[in-house]
Every structure is written in structure tokens, then in C-alpha cells.
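In the two assemblies presented below, chain A is common to both, partnered first by chain B and then by chain C.
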Partner chain A sequence: MIPTPALEIVVLVWGLVLLLAEAFVDKLDKRVFAIAGIVGLVAVLLGSFFLAPPPPAASTGFWSFYTADPLAIFFKRFALATTIFILIMAIDYAPAIRMGVPGANPQAGLGEFFALPIFTCAGLMWMASAIDFVMIFVSLELVTMSFYVLVTFTRRNPATLEAGVKYLILSALSTGFLVYGITWIFGVTGETNLARIGAVLARQDFDHVPLLFGFALVLVALGFKIAAVPFQIWVPDVYQGAPTPVTAFLSVGSKAAGFVVLLRVLGPFSILPQVGKLLVVIAALTLIYGNFAALPQTNLKRLLAYSSIAHAGYLLIGVVCFAGTAVAFYLVGYLLMTLLCFAVVVLVAADGGEQIEDYSGLVRRSPFLAGAMLVGMVSLAGIPFTAGFLGKFFIFDAAIRQGQTLLVVIGVITVGCGFYYYLKVIRAMFWLPPPNDAPVIQISPLSRGAIGLLIAGIFVFGVYPQPILNALNPPAPVAVTAGR
Partner chain B sequence: MLLFIVFAPLVTALLILSGAPGRVTALFGSAATAIATFTALFRYDPVPGGFQFVSSLTISESWRIHFLLGADGLSLIMLVLAALVLFCAVWFTQPVGKSERLFYACLLLLGGGAIGAFASLDLFFFYAFHEIALIPTFFLIGIWGTGNRFAAAWKVTIYLALGSFVLLLGLILLYRSVPVTARSFDLRVLQSAAAAGGIAPAAQNTIFLLLLIGFGVLISLFPFHNWAPEAYASAPAPAAMLHAGVLKKFGLYGLLRIALPLLPEGARHWSWLLLVLLSGNIIYVGLVTLAQKRLDWMLGYSSVMHMGYIFLGIASANLIGLNGAAVLMFAHGISIALLFALAGEIRRRTGTLAFSDLGGLGKVMPFAGFAFGVAAFAAIGLPGFANFAAEVMVFFGAFRVGADLQGLHFFQVTTVLALWGVVISAVYLLRAYRSIFMGAPNDKWNALPDLAGALRIPVILLITATLIVGFFPNTALRVLRPTFPATVAESAP
Partner chain C sequence: MSPVFFWLASALMLLFGAAVIMNRNPIASALSLVVSFLGLAALFMSLDAFFIGIIQVLVYAGAVMVLFLFIIMLLDLRAEERRKINLVAFAGGVAVAVIFFGQLCLVIGHLRQAKQSFPALPLNHPDDVRSVGLLLFGNYNLPFQIIAVLILVATIGVIVLSKRELR
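On to the complex of A and B.
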């Protein structure tokens, strides 16, 4: 039996070991470090199934800001799985890193590129367990710091530099909002622990306005993380400019962690009537903006960026309805399909581009990749028997149960938009002829296996959701029971 | 049994995608499906009635979703239609040029999705099976279509996706509106809950409206019919056969299976709306059909128009009307599939379907002319064909509702209008027949080959099916009889 906090410690130590070893080894093919990272994370992932039951929540000490409830465990596994796939993608992306990083050594920068995601992973795992604003802030910073480096990693590429600067400035700004918001909340309630804040709020003897102000500031910061409108400005440019594996990481890991924190923070604050209305507005705006802005995109990474905003909108519907299980399931589906799409993007971009027209006739260049992308797009659009559909199904169910008619109507309309822009990619791959000189794409066995696994996951969870529902059962107390 | 019927087309599609030869495998798979469906039809025992061949597999306990297959008379009739048309569509497929295997796989997925939906007793899978047909449709029209195929493919996919999501909302609402103990996607559980009065009338009205719109989009109910003619005109013939003949019946099947029995109050509440809309189908779309100058568009519109009669049978909600609607679904599926198949053959030979370019083909293609004539007569509803037997039942059923309610009721007015619709369809179908097969033969077409021997087999199969049901409607009614009494008992005044 393993105590839960050991997971993060192992991940962190393993990251440090790899980073240090990398500095002293020159001769070795640096991709070994990625493999080592994957092996370590898989071991931790397996270990997460043999956890010792957590001690009861304490009012002081470690267990007052760290929880090991089912939701936390679930998202720890989620973060680990994401990072494993990201590292596999990073191996395929290695040639682009070599071109994008200045240095005498042809392997310059590779080792760091493989080690940094492991630190992000540790941050994400802590975020999943954080039930105290201080802990939330620290783990969030760990995640963001490693992303600062990762986003601008291929620094010879001007687009990447632009993305890096935008991400740095806006992310720092949002962190500022977060801290400022926390101070306001602390000022009103005198607490940073979410459960105790909830207890204070339940007494109803506080001043609403400063508390709402503080919560709104926190919401700004979290909205930045999950790419909710109007805090989504950075998303398209950063997603397009960042190295593709990092984009995938941002769009899955960072977003998922943001949603976990949002669910946890909302627990105590849902008692304020204004909070629900605010979230409805944000969800509606996010749905509309993300889907409609995705319609005219011609760059696939940009398209996926807008689609990630759109999916944040659907997730926000779940958040508005306090449907923690639905949100968690949707995130799993989102993880599978988004990583699948980005994995294909990495492989195709190796000898093509990232425009949608570069995917013309992909079915002739690599039927496997075209099939994988087809599955990914179909799942993102929400066709049954894929995880993406079941996610939408649970979300819509939650919305109907809570009587959120406005969101349901907007959701249905935007699903229609989604069909257009996702099928646009399918159209390019299957209908249009390939450019004449396009080579057949080579795929390494590892990536083939990873993509196969993602496809299988999409179908398995699209038909048989019970394992995930069970993993969250009993549902996380903070996320689910608070709204009822 | 049903497991085999549902999975045979899907597995065949997968085999073809993973490298099996396209045409042979597809023919074999669809033939096996058809034979299995006929066997099921004959082994169905109408005396106890109800759902037979049930097999169940739990998917989610907490949501009570099961992979639940089962069939009663109505679903068997639809399964036979689907399997038969699928087999004929595969047979009718000519060398398609590019990526032939993908074509056959799409065709089989399209048919397999419809078959899965008809065989599912679980609402979740009922819905899901239908939706997987969306992507093959998009492919079939987009890759192998003719005319303005890109626009048509977008339009049909987005239209149907939106309709499906409205339908999904309706189904979720239905799921939520029954008492917690009966909350299930199992149709049988829902039926007993509804029979016990588990669904409040107000909720019924909302859900029925959602279902009517959702299914209505899929069926091309006026004014949601816009996607249909263009899609059918652009689709390759086998795809049009399957979509117009089978897939569109999914929505009607859903109304008969879910909306009417579970939501009788809602059905009564909205029957006026349904009547108005179906008059739109019959009269408005009928007149639009008259104005068409190309055979493919005309057939597309006519398939929209004929939905109106089936709606009329459904709206009547009495025994004879519902049976008529069910038989008409079968009959229309057969006749429209045959018409689209022949239109596709003509297009392949002449490269055009404009009436002004064609003429006198009856001399060079006598068999095609004969078959087209038979199909057109069937579609008009001449006695002896299944359509006649069905339409008569529908009209009797609908007229009776008005008579029961005293005086010249809305139902009777609609029925009379619908009868005039038969005249409209006679006008346009006969005119099409005349301008294509009669008249002065155009020298251009003198060398056209008639349908080859092998292609005559599916044609004869389809004609036989419509004749059998036309002369012996009891073949269908025998199995249909136990399906509807539950519904009718409630709506009898």
C-alpha cells in the first residue's frame, strides 16, 4: 500500500533525476530519457491503483490542504496518462526540436524537453489534490513555470517566440488576479482552506460584495486556465505557435486541472446566488465564441485551439450544473480525442504543414493516420459510440436536469457548428486529392501503439462508460453534493 | 439471431476496410443478413406477440443503459425492409472508380446503422445506431456524389446532426420525466411506466414536440425537408436507395415506437400541428415536385411528399391507421429504392437525368422501362401494390378519427386533401415515365444497353416484395397485429 502523496514525490524525484542525468550524459541518444520518463510515469500510474486509504481530513497539517478523495485520485491518473502520451508525442517531435533550438550539440535541448513535462505532471497532480488556496496557488505556479519554458522551446521559430511572450505575460497577469482574489477572500473569511471557507459562508454573516469581488478575480484566473471567454485571447496564438506536444499538453492537462480546481472552488461559493448566473453567462459566451470562431479556420492547430475553447464551453455547462461526474467523464473523452488529433498533427507536420489543406488526401499517404484523425474528429463532433458523444450526453443530461434551457439551446446549435468544422478536416483527408509529391508517412511502432490505444479508448469508453463512473463513485463530495 | 443480424453488416464493413475484397464480401454479408432477417420474420410467433429474440447486456448500471436487442412485428417489418434494400443496393453498386472498398464499407455501415436502430430496444442504442449512419452518408455523397455534391453533403450532415441532437434532448427529457424507480433506457420499462401514468401530461407535450421536431428533421417533415431532395439528387444511387428507402423510416419508426405509445397525451395535444405539417408535405411539396425538371430531384421531392401519408397514418392513432402507416413505410421503402436504383442506372448510361434530354428510352431499354413503370405505379398507389393496401388503410384510419369526433373534422379535411395528393403524385410520376421512356427516341440513346441479366435480379426481388404485400397484406399484418393494440386502447374515445 502506497500513501497518496508518495505519487507526486516519486514523479518529482524522477524528473529531477532525469534532468540531472541529462546534463552529464552527452553520448547517449537523448530519446532514452523520454523512454525512461514514460517508464517511470507508467510505474507511478500502476502504483496509483494500490493506494493506502487516506486518513480522515484534518483541520491542520498536511491533510488540511491535501486530499485524496476519488476525484483527486482520478485526476492524478488523468495527469499521468496525459503526460505519458505527451512524452510519446515528444519523441516524434524531436527532429523539430533539433531545428528549433540553437546549440552546437545536435541534441541540444532535447533532454530538457523530455524532462520538463514530468514537472508539469507533478504540478497537475498536486492541483488535483489541492483543497486550500495556498496549495492551489503553489501547484498552479509549478505547472505554469514549466509551461513558460515549454511553450517557447523551439525559440528559433518567431511564431513560437510570439506564443511564448503572450503566454508569459497573460499567464503572469492571471496569476496576479488569482493571488489578489485569494487575498480578498481571505480578508473576508479569514481562511484559505476551502472547507472552512464553506463553513464561514454557510453562516451568512459576511459582506457579500468583497467576497464576490474576490471570487470574480479567482474566476478570471481559472478562466484563463480553462480558456473560457473572455479570457481566451491567448489561446489561438499560443496553441498555433507552441511546439505541438506542448499545445496538446496545454489543451488537455492545463485545462483539466483548471476544471478540477474550478469544481473544488465552486463548492463553497455556489452558495452565492450570483455565482451561478455568472457562470451561465461565461458558459454561453464560451460556447458561442469557440464554435463560431472555429468555422473559418484554415490552420489545423488553430482550429483545435478554437475547438478547445468550444469544449471548455460544454464543460462549463457541466460545471454550472455541478455535475462533477459528467465533467470528469467529458474530460476523459476530451483527453483521448484531443491527444489523438495532436498525435496525428505531429506525425503529419513532420513532412507537411499544419494547414488543413496539407491534410488533403491523407488517406492515400497513410490510411492509419487518416483513420485515427477520422476517429478523433468524429468523437470531437460527438457521434455515438465515441467517448465524445457520451461526454456530451452526460453534460446535456445534467443541463436538462437543472433546467438550463438557454445553455441547452445554445449547446445544440453549436454542436451543429462543430459538425461543420470537424467534418472540414475529414473532407480534406478523404475527398480531396493529395499533392503529387507527398511522401508516404512513416510511423514508429511506439506512436502506432499509442494512437491505437487512444482509438481503442475512445470506442471503449464510448460504449462502456461504467469504469469511469465507478472510479468517481462515490462521487467527490465537494464537487457533486454541494449544489444540491 | 438479432445479434447476428445487427453485427453482420458492421463486421462485413470492418472486414472490407481491413482488406477483404469489396464487392464479394459485401454481397455475401448483406445476403446473410437478409436471409437471417427473413428467418426471424417467419420464426416470430404472433400469438404471444411482444418482443422476441431478446438479448441483453448491461452497459451501465447507474444509468440503466443496456445493449438490448429485441423485435416485434413492427421492427421485423422494418428489418426485412432494411436488409432487403441493403442487399439490393449492394448488388446495384457499379464500379465506383475511386476507393471502392470504402464505398462498400460506407454502404454497409449505413444499412447496419439502420438495422441496429430497428433492432434496439434500448433508447440509447436506438439513437446511437442511427447516428453512426451520418458519417457514411457524408462520405457517400461527398466522395461519389454528382452535381453539387459538396454542398449537399454538408447540408444533409449538419441538418441531420441538429435534428438528432434535438431528438437526443427529447429522449433525455423522456428518461428524466419518468419516476426514479422506472428510470431506464429500456423501452419495455418505459412502456410500463407510461402505461401506469408515470409521465405527466405537461411533460408529455414538451417531449412530444421535441421528438416530433427531432424525428421530423430526420423524416423530412415539412418545413424541415430542405435537405432531402438535394441530398438524394446528389447521392450515388445505392446510397439514395438506402437513405430514402430505409434510413428515413427510422424517424417514423421512432414516432410509432416511442412517441405514440409513451406519450399519448402529447400526441393528442399536437395532432393539429402534425396535420398541418403533413398537409404541407403532401400538398406543398407535391406541387413543388410537379415543377421539377430532373428525375433525381423529382424523386427526392416525391420521397418527401410520400412521408405525408405515413404521418397521416401515425396522426390517426387508431389500429387501422397505424397498421397502414407501418405497411406504407415498408411499401414506400421498396418503391422509392427501386425508383432511385433505376434512376441511377439511367444516369450512368446517359449522363443526364433532365427530362428534356431524355425520351424514347422504352425502346432501347424495355426492361428498365417496365421496371420503372411498375415502380411508378407502386409509388402512385395502384391496386395490387403494397402502397395501395397501405394507403387505403391510412385513409380509412384517418377519416374514421374525424367521423368519431362528429362532423367535418380537421382530420377529414386533411384526408380529402391527401387524397388529392395521390392525384398529384400520379401526374408527376406518369409524366416522368412519359418523358423518359415514351416519345420520339433520341438518336443519341439508340445504342444504350438495357439492364443486364444480373442487375435484373434485385429489381425482380423488390417488385416481388411489393407485389406480395400488395396482394396479401396479411403477410405483414400477421406479425404487425400484436404491436399496436396497447396504443389504440388508450386513444379510443
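On to the complex of A and C.
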């Protein structure tokens, strides 16, 4: 039995070991370090299924900052799985890193590019467990700091530099909002621990306006992380300019962690009536903006950026209804289909471009990749028997139960928009002729396996969602002991 | 603490804080920021938080500002002075600032603590270096350790992003 905090420590130490080893080994192919990172993270992921039960929450010390409840453990696995796929993508992206990083040695910078996501993963895992504003702030900053570096990594490319500067400035601004909001909340309640803030709020003995002000400021910062309208302005440029594996990491890892923190923070604050209304407005705006702005896009990464805003809207519907399980399931579906699409983008962009027209006739150049992209797009659009459909189904189901008719109506209309822009990509791949000189795309066995796994996941969870639903609401422990 | 001291230090802080954004010359802005930090340090001292006051001077007014000045020296100052003010952006920025300030006043008007005076501090001064240390390495040990990881990542990032030629 492994104590839960050991997971992060192992991830962190493994990252340090790889970083150190990379500094002393010159001759080796640096991709070995990515493989080593993947092996280490897979080991931790397996280890996360043999966790010791956590001690009860304490009022001070370690366990007042850190929780090991099912939600935390679920999202730790989520972060680990995301990082594993990101590292696999990063191996395929290595040639582009060589072009984008100034260096005498052709392998310059590769070691850091493979090691930094491991530190980000540790940050995401801490975020999943954070139950105190101090801990939320520190782990969020660890994640953001490593993303500053990763987004700007291929700095010879002007678009990447632009993306890096935009991300740095806007993200720093949003951090400012977060800290300022936390100080207001602390000023009113005298606590940073979410459970104790909840206790103060339950007593109804506080100043409403200053507390709402503080909460709104925190919401601004979290809205930035999850790319909710009107805090989404950075998303299209940063997603388009950043190295593709980093874009995938931002759109899955950073967003999921943002939603976990949002769910945790909403716990105590949900008793304020204004909070629900505010979230409904944000969700509606996000749905409308993300889906309609995606319609005219011609660059696939930019299209996926707007699609990521749109999906934040669907997730926010789940958050408004406090349907934690539905949100978690949607995020798993989102992980599978988004990583699948970005994995294909990395492989196709290696000897093509990122415009949708570069995908013309992809089915002739690589039927496997075209099929993978088809599954990804179909699931993003939400066609039955895919994880994307069931995710939307659970979210809308929760919304109908809560009587959020307006959000359901907007959601259904915007799903219709989604069909148009996702199917545009499918049309290019299957109906348009390929350019004459387009080479056949080579795929490494590792990526082929990863893509196959993602496709399988989309279909398996699209018809059999029980494993994920049970992970968050574990069946009574009595049944487990009785079975032995 | 004498109220005169409080008003003096606050006025100093706000005045030079405004000067930071009003000045066209970046060096003058940076030096105004130093004075603003000194005012803040004086406020901390007057609240008996001597350790934080000293750290404010040493770290912010000292180390961080030297860093700022170094960076400013690497920039092209003339370009900044020649730059014209974009009126629309200026008006927008002022509007946002005014709205935010108004909102802040409103919120403070609703704050109970703002209407009552705080109880006087006990006369026996606590050993604040010791208390800060105990808090950091005791209760707040986990976040403190994560900050160490954060700084490591930042260090790696600076090297990766700033070296002219990576090896």
C-alpha cells in the first residue's frame, strides 16, 4: 500500500533524475529520456491503484492542505495519463524542436522539453489535491510557470514568441486577480482552508459584498485557466503559436486542473445565490462564443482552440449543476478526443502544414491517421457511441434535472454549430483530392499504439462509462472486503 | 504608532505609486517604485512586523529593483519616450481603472472591519522572525516545498529561454 503523497514525490524525483542524467549524457539519443519519463509515469499510474486509505482531514499541517479523496485521486490519474500521451507526442515533435531551438548541437533543448512536462504533471497532481487557497495558489503557479517555458520553447519561430509573450502577460495578470481575490476572502472569513471557509459561510455571519467581490476575482483567474468567455482572449493565438504537444497539454491538463479547482472552490461558495447566476451567464457566453467563432476558422490548431473554449462551455453547464461526476466523465472524453486530434496534427504537420487544406485527401496519404482524426472529430461533435456523446448526454441530463432549460437550449443549438466545423475537417480528409507531391506519412509504432489506445478509449467509454462513474462514486467498501 | 506616521507613509506610497505609471522615463518609474516600496516597508514596521518590513526593503527595494534597472538599461529608452499615447486605449484604461476604483470603494463601504477600529496590539513584541520561520517550516511546509520546485522550474526556464545557443 502506497501513501498518496508519495505519487507526487516519485514523479518529482523522476523528473529531477532525468534532468540531471540528461546534463551528463552527451552521446545518447535524447529521445531515450522521453521513453524513460513515460515508463516512470506509467509506473506511478499503476501505483495509484494501490493506495493506502488517507488519514482523516486535519485542522493544521499537511492534511489541511492536501486531500486524497476520490476526486483528487481520479484527477491525479488524469494528469498522469495526459502527461504520458504528451510525452509520446513530444517524441514525434522532436524534429520541429530542432528547427525551433537555437543550438549548435542538433539535440539542444530536447532534454528540457521532455523533463518539464513531468514537473508540470507534479503540479497538476498537487492541484487536484489542493483544499487550501495557499496550496491552490502555489500548485497553480508551478503549472503556469512550467507552461511559460513550454509555450515559448521553439523560440526561433516568431508565432511561438508571440504566443509566449501573450501567455506570460495575461497569465501573470490572472494570477494577480487570484491573489487579490484570495486576500479579500481571507479578509472577510479569516481562513484560507476551503472547509473552514465553508464553516464560516454556513454561520451566515459575514459581509456579503466583500466576499462576493473576492470570489468574483478568484473566478476571473480560474476563468482564464479554463478558457471561459470573457477571459478567453489569449486562447486562439497561444494555442496556434505554441508547440503542438504543449497546446494539447494546455488544452487538456491545464483546463482539467482548472475545473477541479473550480469545483473545490465552489463547494463552500455555492450557498451564495449570486454565484449560480454568475456561472450561468459565463457558461452561456462561453458556449455561444466558442462555437460561433469556430465556424470560419481555416487553421486546424486555431479551430481546436475555439473548440476548446466551446467545450469549456459544456463543462461549465455541469459545474453550474454541481454534477461533479458528469464533469469528470466529460473531461475524460475530452482528454481522449483532444489528445487524439493533436496527435494526428503533430504527425501530419511534420511534412505538411496546420491549415485545414493541408488535410485534403489525408485518407490517401495515411488511412490510419485519417481514420483517427475522423474518430476524434466525430467524438468532439458528439455523435452517439463515442465518449463525446455520452459526456454531453450526462451534462444535459444534469442540467434538465436542475431545471437549467436556457443552458440546455443554448447547448443543443451550439452542438449543431459544432457539427458544421468538425465535419468541415472530415470533408477535407475524405472528399478533397490530395496535393500531387504529398508523401505518405510514416508513423512510429509507439505513436500508432498510443493513437490506437485513444481510439479504443473513445469507443469503450462511449458505450460502457461505468468504470469512470464508479471511480468517483466508489461502491461501498464493505462489498470489497466481503468478496475476499 | 502615531497616526501622522501612518498618513505620511501611505501618502508617500500612493504618490510614488502613481509616479511609477505617470513617468515616461522608465528609470524614473523604477526609482519611484523603490520609494513606494520604502513607504510600504514603513507601514509594515509601524504594525510591528519588523521582519517583513526589512525583507520588503532588502528583497524588493534592493534586489528586485536592481534587476529591473539592469533590464531597463538593456532596452531602448528613446523608443519609449517617442511613443505616442493611443487615445482610445488610454481612455479605455482610465475607464477600467475608475470603474474598478469605484467598485472597490463600494465594497469597502460594505466591509464591517472598515467601520470599526482594530484592537491595540499587545505590548510584548513577538519574535516575528521565529514565528515566520515556524509557520513556514511547520504548518505551511508543503506549499513551501512546492515553491522550491517552482523556483527550480523557473531557473530551468530562464536558461532554456535566454541562452543564445543551447548546448
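One rule holds for everything that comes next: the second predicted complex is superposed on the first by the 473 of 484 C-alpha atoms of A that agree within 3 Å, B and C clash if a C-alpha of one lies under 4 Å from a C-alpha of the other, contacts with A are read in each partner's own complex, and residues count from 1 in each chain.
The definition used in the following text is that a residue touches a chain if its C-beta (ideal position, glycine included) is under 8 Å from a C-beta of that chain, and two chains touch if they have at least 3 such contacts.
In this text the structure is predicted, and so the values were computed from the model without any measurement.
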Exercise for review: Considering only touches as defined above, state whether A:400 meets chain B (first), chain C (second), both or neither.
Suggested key: first
Point to revise | Partner touching more residues of chain A, whether chain B or chain C | key: C
Exercise for review: With the two complexes superposed on chain A, say which partner A:119 touches: chain B (first), chain C (second), both, or neither.
Suggested key: second
Review point. In the superposed arrangement, which partner chain does A:415 touch: chain B (first), chain C (second), both, or neither?
Key: first
Point to revise | Touched partner set for A:459, first chain B, second chain C, both or neither | key: neither
Point to revise | Partner chain in contact with A:368 - chain B first, chain C second, else both or neither | key: neither
Review point. Of the partners chain B and chain C, which touch A:186 in the superposed model: first, second, both, neither?
Key: neither
Practice item. Jot down the residues of chain A that show up as touching in both complexes, chain B in one and chain C in the other. Key: none
Check your understanding: Where on chain B does chain A make contact in their complex?
Key -> 59-63, 99, 102, 127-129, 131-132, 134-135, 138-139, 142-143, 150, 154, 157-158, 161-162, 165-166, 168-169, 172-173, 175-176
Check your understanding: Residues of chain A touching chain C in their complex?
Key -> 12, 19, 60-62, 64-66, 101-105, 108-109, 112, 115-116, 119, 122-123, 126, 132, 134-135, 137-139, 141-142, 145-146, 148-149, 152-153, 155, 184, 187-188, 207-210, 213
Point to revise | Partner chain A, residues of chain C touching it in the complex | key: 103, 106-108, 110-113, 138-143, 146-147, 149-150, 152-154, 156-157, 160-161, 164-167
Review point. Can you list the residues on chain A that touch chain B in the complex?
Key: 363, 374, 378, 381, 383-385, 389, 393, 396-397, 400-401, 408, 412-413, 415-416, 419-420, 423, 426-427, 430-431, 463-466, 469, 473
